[in-house]
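Shared between the two complexes below is chain A, which pairs with chain B and chain C, respectively.
The block that comes next holds the complex of A and B.
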């Protein structure tokens, strides 16, 4: 009966237009996403190319090991490819600047600094996982040992990290990623040439050279990462806008 | 609701971009007017926390600009913004929603609402790179509203909008200004004239005038004249008075200018508008530009 009455009333009277609907809606507090939700959402915004390249490198190493075995030449091939992984990672971290999204992201609740730190964290873990995976695959097949092999593989990677971050931190151009691409190609070619020309480069007597190079590039990369993070806190003055 | 800007300054090596600006903003629309290089963008960037001031502070209801809480209440449209090339309009708004701390469901609802509001629902799934300048600007306005901000800062929001879009935008801003602080900068004087309850005139990094339209144009009220004069008189007037408008007509020249009293017998006093005041104050800059581009 009540239902029928309601229905009848609806047909007889027109409902008045809502008054101050917007003001009322504005008063409502909507639930906010927490930091964990934000972190998870950012994983989805990492481009597919990062995952694909990492996976390809891992599969490529497996195939290479199956067909050619773990020789010194295989070590230099892998160490020459690894800088490209770091290039993809760095271009991912720096893409807010590359695509001029930095100013917008800086003004958001979770700002550019947090976005960058999350990207660095996620991609760092991915790179580390790929690196350890490759290391585990190779170390059992060579007589180089886990640490020595780790240093041989990671030194060109770190050199590229340092070189690319050096460029990003100093360049004002939006096309920085192309310069980083050139740096990566240079590092990769240089690594290949050294490995081919200096046939005893991986021998034990050169371990000091490798250890020094590894530590030096690791420290320099770290310094550039700190500089990069500081850059995310404050927008660089654009003289064209205020001059 | 109170946004307090206290002695805010930004110095660069050999330039003072913003010079000890102090303001208290309450609910309403504030129009920031100034020539290129007057410091508008720098001031807005500092209010949004994207640029660190050399000195001074910005606080909203006691919350400092550097705090996350402040950014949670802020909507900002920069003068120049980009987008990730793979993004559609819908993706762009969803991405910024996540940065603004909206839940997934709320982000979807809000994105659809705002795309409808700015007339981009039909192209929601199209890549932004295929958008015109006006469409990108509308998308920028939509993103600034995602978190229903209490402080809305819009740097040149009407740039690239066609006249219809501008009218729609003005109406939207007027509505938004009822229960939040809206600060917008523009070169289009009429936009400020129509929607701003308070006008801020900025020159050389300082706010030189502040107030409602009637108050702000008072200094030139009764001092704006129009006249149709011969070539020689026109030359004399152009050389000696701040000129607001010049139009060549057959054998005579029409002039609109500012003077303490009628500059010639043909001159008639007319009602002053904001554009007169703007051009009067920025006359020096305009003349400099004319010299630069060889305009006589």
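The block that comes next holds the complex of A and C.
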């Protein structure tokens, strides 16, 4: 009864249609949202878990460094955890597509492509900040050097970005985020296993392997990002045809 | 304003119409509300914009009654044969709502028709959140009492 009553109450107060609405709104000079307002508003839509996980990882690295010092084993632990940061980012990007928000967002002032790119941009900056922070902390404590350490940490991260974007670009299922989660777990476990089994993986003689892997995953990730943008453009085009 | 101005126009108009029960006057008051709202740019960026919009509308409606010398209580009842009945709403619910005190009707409009949050209603009515909860529950209980149960027992 309560449910139906509340539903009825929605229409009980209906008034006759206003006669001068459009004319008034067209003539009304009101402050419209600018690009900066839009950008800031998008930060609010990013779920708290992104900020919390990024912060936790950063604090975790600080604690780890304080108690265990920097060693090769600490490097692989951090590099195995980093893909989970990208998973949270990916889940944010997949959300609007997975839950059929495309059409709704298409009807807004800013289209899905713009919304998605701004969110990717914000999340990318957050990830980069965490990554550089960890890199600066670790590089001072190891003899690996800034660039080598950067490659060791970012390669599993890039592999996960590629794998997750690959899934997003091809899957329309509501389980996309779970598939991305599985990809992340796989990358993390694989990275841990390789680091444990191949003891000299971080030695200088393997630098070519790391460089090739880094470039390969960076190019593949970029390819998937381009595909993702094109897919958004297709959606925009389809939407304009059906509008 | 976070929501579209088109949506807000309709909601403020609905609120003013509820107060003055005259299409022309309600629209005049709605437009005056927006003009006053946007003339205070400094306030817009400092939060509570929706509550502020409704407060302006509410004060304009009070001014209207004061100037015209009409009694607000005369409009407590929803007229049965005017154009309002042309809308596809349950006449029984309308009648039941019209038996409630105006303050409770206003609260039901803000909460269920205009979909404002408890917090926003508390700001507009200048009462605590707890009072809003209590009064809304009281309004629903009164309504349920007035309405015949058989009309609303299916979901």
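For this structure, a couple of remarks:
Please note the rule applied: the second predicted complex is superposed on the first by the 204 of 243 C-alpha atoms of A that agree within 3 Å, B and C clash if a C-alpha of one lies under 4 Å from a C-alpha of the other, contacts with A are read in each partner's own complex, and residues count from 1 in each chain.
Everything below uses one rule, namely that contacts are C-beta pairs under 8 Å (C-beta built on N, C-alpha and C of every residue); 3 or more make two chains touch, one makes a residue touch a chain.
Since this is a predicted model, take the numbers as computed values, not measurements.
Applying the stated contact rule after C-alpha superposition, one finds that A:189 touches neither chain B nor chain C.
Shared-chain residue A:42: touches chain B; no touch with chain C.
Set side by side, chain B and chain C differ in how many residues of chain A they touch, and the one touching more is B.
In the superposed pair of complexes, A:21 makes contact with chain C only, with no contact to chain B.
In the superposition on chain A, A:30 contacts both chain B and chain C. In the superposition on chain A, contact of A:13 is made with chain C only, not with chain B. Applying the stated contact rule after C-alpha superposition, one finds that A:128 touches neither chain B nor chain C.
By the touch criterion stated above, A:56 is placed in contact with neither chain B nor chain C. Residue contacts after overlaying the shared chain place A:115 against chain B, while chain C stays out of touching range.
Under the contact criterion defined above, the residues of chain A that touch both chain B in one complex and chain C in the other are 30-31.
Residues 22-23, 26, 30-33, 37-38, 41-42, 45, 47, 95, 99-101, 103-111, 115, 233-235, 237, 241-243 of chain A are the ones touching chain B in the complex.
On the side of chain C, the complex with chain A involves touching residues 5-6, 9-10, 13-14, 17-18, 23, 26-27, 30-31, 34-35, 38, 41, 44, 83-84, 87-90, 93-94, 97, 108-109, 112-113, 140, 143-144, 147, 149, 152-155.
Residue ranges of chain A in contact with chain C, taken from their complex: 1-6, 8-16, 18-21, 24-25, 28-31. Those residues of chain B lying in contact with chain A across their complex are 12, 15, 17, 37, 39, 41-42, 45, 48-52, 68, 71-72, 74, 76, 78-86, 95-96, 98-104, 106, 143, 147-148, 175, 178-179.
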